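Structure first, then comments.
Naming follows writing order (A, B, C and D), and every chain is counted from residue 1.
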Amino acid sequence: MAGSTYGKYFQITTWGESHGSGVGVVIDGCPAGLSLCEEEIQSFLDRRKPGQSKYTTSRQESDTVEILSGIFEGKTTGTPISLLVRNTDQRSGDYGDIAACYRPGHADYTYDQKYGFRDYRGGGRSSGRETIGRVAAGAVAAKILKRLNITLFGYVKSVGPVAIDMSRFDAEERDKNALYMPDCTAAKEAQAYLNDCIKNQNSSGSVIECIIDGVPAGIGDPVFDKLSANLARAVCSIGAVKGFEIGDGFGAAFATGKDNNDAFFINEDGRVQKKTNHSGGILGGISDGSPILLRAAVKPTPSIGAAQQTVNRLGEEAKISIRGRHDPIIAPRAVVVVESMAALTILDALLANMAARMDALEQFYLK
Amino acid sequence: MAGSTYGKYFQITTWGESHGSGVGVVIDGCPAGLSLCEEEIQSFLDRRKPGQSKYTTSRQESDTVEILSGIFEGKTTGTPISLLVRNTDQRSGDYGDIAACYRPGHADYTYDQKYGFRDYRGGGRSSGRETIGRVAAGAVAAKILKRLNITLFGYVKSVGPVAIDMSRFDAEERDKNALYMPDCTAAKEAQAYLNDCIKNQNSSGSVIECIIDGVPAGIGDPVFDKLSANLARAVCSIGAVKGFEIGDGFGAAFATGKDNNDAFFINEDGRVQKKTNHSGGILGGISDGSPILLRAAVKPTPSIGAAQQTVNRLGEEAKISIRGRHDPIIAPRAVVVVESMAALTILDALLANMAARMDALEQFYLK
Amino acid sequence: MAGSTYGKYFQITTWGESHGSGVGVVIDGCPAGLSLCEEEIQSFLDRRKPGQSKYTTSRQESDTVEILSGIFEGKTTGTPISLLVRNTDQRSGDYGDIAACYRPGHADYTYDQKYGFRDYRGGGRSSGRETIGRVAAGAVAAKILKRLNITLFGYVKSVGPVAIDMSRFDAEERDKNALYMPDCTAAKEAQAYLNDCIKNQNSSGSVIECIIDGVPAGIGDPVFDKLSANLARAVCSIGAVKGFEIGDGFGAAFATGKDNNDAFFINEDGRVQKKTNHSGGILGGISDGSPILLRAAVKPTPSIGAAQQTVNRLGEEAKISIRGRHDPIIAPRAVVVVESMAALTILDALLANMAARMDALEQFYLK
Amino acid sequence: MAGSTYGKYFQITTWGESHGSGVGVVIDGCPAGLSLCEEEIQSFLDRRKPGQSKYTTSRQESDTVEILSGIFEGKTTGTPISLLVRNTDQRSGDYGDIAACYRPGHADYTYDQKYGFRDYRGGGRSSGRETIGRVAAGAVAAKILKRLNITLFGYVKSVGPVAIDMSRFDAEERDKNALYMPDCTAAKEAQAYLNDCIKNQNSSGSVIECIIDGVPAGIGDPVFDKLSANLARAVCSIGAVKGFEIGDGFGAAFATGKDNNDAFFINEDGRVQKKTNHSGGILGGISDGSPILLRAAVKPTPSIGAAQQTVNRLGEEAKISIRGRHDPIIAPRAVVVVESMAALTILDALLANMAARMDALEQFYLK
C-alpha cells in the first residue's frame, strides 16, 4: 500500500529505484514565495554522492537534479515541486547473482514475500538511491528552516568501536575528513578500523548524531504527533537505521529523576532556559527551546565480500559473495539523509503549529 | 493541530485529560464480526491501573471501561467503537502548586509555550492517564492479532542499573512480581534499588522490551511506513520514552557486517528461516518472519519529592517539591502501553498488506 | 475501513448509532483559547432535534450534549474535545420488522452486503442520529468562523415542487415556520403539499441552500482540495443527499461563457469585486471573496407507510410497510447539518491556508 | 498547503503546470503484479489530447507519457509508479496579456490572492493540463477495474441546451463524433449550436454522465467516505465542474418517496436486484450492486474571444479579449477525466473494503 508519502503539511512523495529511469520526489505544500534554484538542491545531493573517498562506493553517479515544476521566476509558487534525478551509471551485469539469491541483511527476501517478486537490480526500491528524493526535499526544507534561523548539523559520532571525543569536537573538521567526523583524531582511528574491515571483506556499523538549533519552544503536537515520535519515525524510516535516541536516550533509562530532570532558570536575557539538556530539547513531545539532539544507530553495510550462507528463490540453500561496489560503512553518506528527514519533520511541525491558537487565527484573518 | 489520531486503517483517536470528566478512544476501521465485550478490554486496562504495589501510585482509580458504540449482539459491526473511562479519584487539591510553576522534566512549560495556557490539573493531556485510550484500543487490536496467531509479550528489561539475565528469563514470573520483570532474582534486586530511590525522594529510569511472535513475512510498507519506522513512532509517542531499538539496535552500530547479517537457511519444515535474529524480525522495513523484538528507553519519573529549581509562569525563579502520589518508576505500568502501541501498529500494517498484490485483489473480488 | 474522520486540521471523528448507548464526536485540532460551553453546542443541536412540528418525527429525544474533555476554565485547551449525547427514547419494539427485511431506499441491504450483518435498530449507523456528532462539531466550527466574521445561513429552498420565490426572501421568516423556508407564502404551500404526502403515506424530496458570507479570497487548495470539491464531499456525505451545486451549478451547464463569466470591477472601497456571482464564490477551487453559495438535493424520506415490495435476509421476496415515527421530509432538520458540514470545511481550509506563504511563516516565527 | 494527493490506498500525487517543464503523477499503492506498459496509459491520454477537432484547441501537444519507475519486467512492483509527460508546444507569447489582468471565470485572481503571485503562463497549475496526471493514473486504475470486471463509460450528455435522447443512446456512436455524444442526431445539433458559439466568440456549458458497471454491492465506507461523497469530491475537483449528481440527483429533490424508492426483488439468477435505479447504485454511501450513475455540470469555457470587463494586478479596471487557442466547450476532452477520477475513487474503495470483515482477515492470513 501507499507508504512513500511523508509529512502532513509539507508533504513529500518519493519514487524510483536503483536501476530504473531515475529517482525523484514531489514536494507538495511548500509555502509560496521562496526563492529556489537547482544549485541549492544540488549542493545537498552532492553530500550523499558516491565516489568521494575509498570509504564510499566507486560508482560514478552525477545525480544531477532537474526542477520540473513549482517554480516561476525563481520562486516557489505554492504548487507541487517535482524534482527528477536520472539514473546513469547502471552496470546491471554487476548484480546478476542477486536475482536468484537472498542477500543476508538485505530486503530481497522480504520484498519477495510481500510482492511476489522484486526488482533485483541494485536493490530496487530498497536501494540507498531511494534517499535521493528525501535529500532533494530536505534541501528545500532546510532552506526554509534557515530563513527561520533554524539550523541542522549532523555528523558521524562513531564508527564501530571508535567514537568522537566531545572535548575535541570541531564542527569545521567534519567536512575535512572522509568519514564526516567532527574530531580529526577519531576520524584517523576510524579510518584505520575501516581499512581493516575492507581488508577482511567486512563492514562496520556507526552512529549518526544531529543537532537542531533554533527551534522555538512550543513545536510538536500531542499525543501521537509528538515531535520526538515523528523524528523517531523519520529517522527509523532510513534504510539501515536500527535505533533512535532523543537527548540522553537509553542513558535516561539508567539514570535517576534527580539526574535526568533539567532545572529551569531565568537567563541573562530574562528568558526561561534549562540548566542541562538531558531532554534533548523536547518535553512531552513539544520543543522546549533547547537544541534538539538526536542519534541514529546505523547497522553495518550488509553487502560484504565475504562468503555468506543464504537461500535462493527456489528454496535451496546457497552461498553468496557480494561483489559490486559497496561502501564499507553507511554513515558518512547518510548524515545528510538524517539531516533531511529531521528538517522535513521540524518544518512540518512548524507549519502545523501556526494554527494552534485562536489569537493567531484572529491576527491572521482579522488584520 | 490534530495529533490524537493513530493508524491509517485501524485508526484510533484518543481524548481526555487527567482531571476532566473522563478519557477515552474511538476506534474506527475495526473489521466487522469480532466478538468483543467490556471484560476483554478491562483486563488490558487493569494491567496499567495504579495502586497495585508500592512502586505504583496509591491513587485508586477503578478505570472501568464502557463501550458506547460499534458492538451489536456481542460483535463489532465495522462502525466506530467508542470507549469511555470516567475519571473518578481526582484530588485536585494535590496539584495546587503546579498551576504556577513549571515542573522540571514535565510538559508544563512546553504546553504553556504552545497553547498560551494549560490544564494544570494532574498534567492535563500530558498525564499518563492519556494512555488509557491507547490501551483500550490496544486490547482490541491484540485480540484480533491473537485470532491471527500473533502474540505480544512485553516486560521490564531493566530498572536503573539492574537488568534481567536472559539465562534466567521466565515468562510466567513476569506477572508475579510488582515490577513486571521475567526474572525473579533481578526483580528482587530492582526492588531494593527502587526502595533506595523512594527513600531519597528520587525515581528511576527503565527499559521495556517487547517480543511479537507470529507476524508473517511481508508486512510493512516501504519507504516511510516501514514497520520499524512506524513502531518507532508508536513507541516514542508514549510519554516518557527517549529511545527506541529494533533487534540489536545500537548494538548493530558497534558490530560488523559479518556479525550483524543473519544467514538464511531452510529449516526442518522446508521453510526459509534466519540462523540469528540481529535484525529483530524486520528487513528493509518489512517483517522477515522472525519474532519482532523492540526496546524502549523510559526516563525516570520526573515527579520527585526532592526540591528542584524551576521558574514560574511569571518568569520568576522558584523551588518546587512535588508531593502527590507518583510512581517511582514508569515501566511496570507502561509495559501494556508498549504492547498496545505495537499491537495497533502491527494490525494496521496487516490490514494495509491485504491489498498489496493483484492476485489477492482478484481472489477477493472474482471468487 | 476507517471513514468516520473528517478534516485535516480541524479534524472530527464521529461515532455512535441510533439505538446504542449514545452518539458523539471527538474534535481534534481546535485552536486553543476559544471560550466554549455546552449551551452553545446545545443551541445548534436543538435545531436538528425531532418533535418540533408535525413534519418531524414525534420521537422525544432531549439530545443533551456533555463536554467530556478539551475545555479548561471555559476555554479550549488545544487538545481533543470529546462530546457525548446519550440516546434516550429508544422504542426498540417499533423496529422489529426491519431486522429481517431490507427497507427500499435505506442502507439495510448495503450494510449487510458489506459487513455480513448490521445493527438493524433504527438504522444503526446509517440513522440520521449519526449527524448529531457533525452538528455538535459544526457548532464549534461555526463559532470560530463567527469570530472571523464569517457567517453561514442555510434554509429549505424547495419542498417537492414548491420553491421559495427569491423576491420574497426573508431571512427572519426561516425560523418562524416549521419547514425552515425563508418565504412564508412558499412555506404555507409546502405545508399543504406535505399534508397530502402524509395523508398518502408518502414523503417528499427537497433542496437545501446555504450561503456563506465573509470568506476572504484565497481559501482552498489546488487541486484535489479545491474548496468546491471538499464542500461537495462534505455535503454529499450527509445521508440522503443525491446532488450538489456550487453557484449556478447545473445552470452553468446550460449557459454560455458570456453569461456565466463574472466580470471584475473596482468597488467603492477600492477593492476588487465581481459584478455577478455565477461562480458561487469559488474560482479554480479557491474562494474569490464573494459569498459562497451551495445547494444540496435531498431525496424523499425512504421510510414511508405505504406497502413496498422488497426482499428479506433469507433471499425471499416480501412486503414491508414502515411504521414507526418518521419525518415526511428530511430537509428542515438537515439544514443545520449542511451548515455544520460547510462550517467544518471552510474552517479546515482557513487553517490550512495560514501556512501558504513564506512571508506568513516569517511573520509568525521571526516576530 | 498540500492538496495534490488523492486517494488513501491507491494514492496519486499530481504535479506540473501548463508551461513548466512537464506534468506528471506519482501513483503509490498500486498492487504488485499488474502488467502495464506506456501504450495503455497513452491511449487514455490520447482521449484528452487537444487538436482533435475544431471544437478543441488547435495546440499540438503530443503528450507522450514516460514511465520512470515502479515497473519491472513489464509488471508493477508495488512501489511508486512515476509518470512524466513533457510539455512541448508552449507559445508563451500567446499569453502575454494575462500576466497583468485577471481573466473572468478563471483562477488568476484567486491564485494571486492566495499565493501573492502566480505562474500566469497558460493558467499555470489551474490549466486543464493539470488533468494529464489524473488521466495517466486513471488509466492504471481503469485497467485494474477491468480485471475485476468493472467498466466505466463516460460521455457528453448535453451541450448547452442540446441533450442526447436516451431512446437514441448508442454507445459506439460516442467515439465517432467530435463531441463524444452517444447520439448522432444530438451530436449534429450540438455542433450547430457550438458553431454559433464560436462565431459569437462565445463558449458553451455541458453535462457529462458516467456509468460504472460491475461494482459489487458493499463498496464504500460510512460516514464521510461514502462512495457518493468521495465521487462528488473527485468529480468536483475537476477544474470547471460546478455541480454533481448521483442517480436521480436533483430529480430526487422533486420526487416523492413512493417514486424514488427502488423496490428490491429476486432476479432470475436468484440474486437480490432493484427494479429501478433512482439511487444510482449507491445506498447509504455503499454500492448496492446496480450500475453507478453520476453526472457533472461543466461550466462554459471561461476563455472567450469577446471583450470582457476586468481588473488588473494594480487594481485598475481593464478590458480583456482572450486570444490564444481555446476549446469552445470543455466536456469532450473532460469525459476521460471524469472517468479517471471515478476509476480512482472506485478502486480506492475496493482496496479499502478488503479488510472490512474479520472472516476476510482470517481467510487471508490463516490460509
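Observations, loosely collected:
We adopt the following convention: a residue touches a chain if its C-beta (ideal position, glycine included) is under 8 Å from a C-beta of that chain, and two chains touch if they have at least 3 such contacts.
Nothing here was measured: the structure is a model prediction, and the numbers come from that model.
Comparing the chain pairs A-D and B-D, the larger number of C-beta pairs in contact belongs to A-D. With centres computed as the average of Cα coordinates, no chain lies farther from subunit A than C. Averaging C-alpha coordinates per chain places the centre of subunit B 44 Å away from that of subunit D. Subunit A and subunit D, compared by their mean Cα positions, are separated by 38 Å. Looking at subunit A, residues 1-5, 8-9, 14, 29, 32-33, 78-79, 114-116, 125, 216, 222, 351-352, 355-357, 359 sit in touch with two or more other chains. Considering their complex, residues 1-6, 14, 102, 104-107, 109-111, 113-116, 125-126, 130, 158, 160-161, 197, 200, 202-207, 216-226, 228-237, 239, 241-266, 270, 272, 275, 279-280, 282-289, 297-304, 306, 308-311, 315-317, 352-353, 355-357, 359 of subunit A touch subunit B. On subunit A, the positions that touch subunit D within their shared complex are 1-5, 7-11, 13-17, 20-24, 26, 28-29, 32-33, 66-72, 75, 77-82, 84, 114-119, 121, 124-125, 351. On the subunit B side of its complex with subunit D, the touching residues are 8-9, 29, 31-34, 76, 78-79, 144, 147-149, 216, 222, 350-352, 354-362, 364-366.
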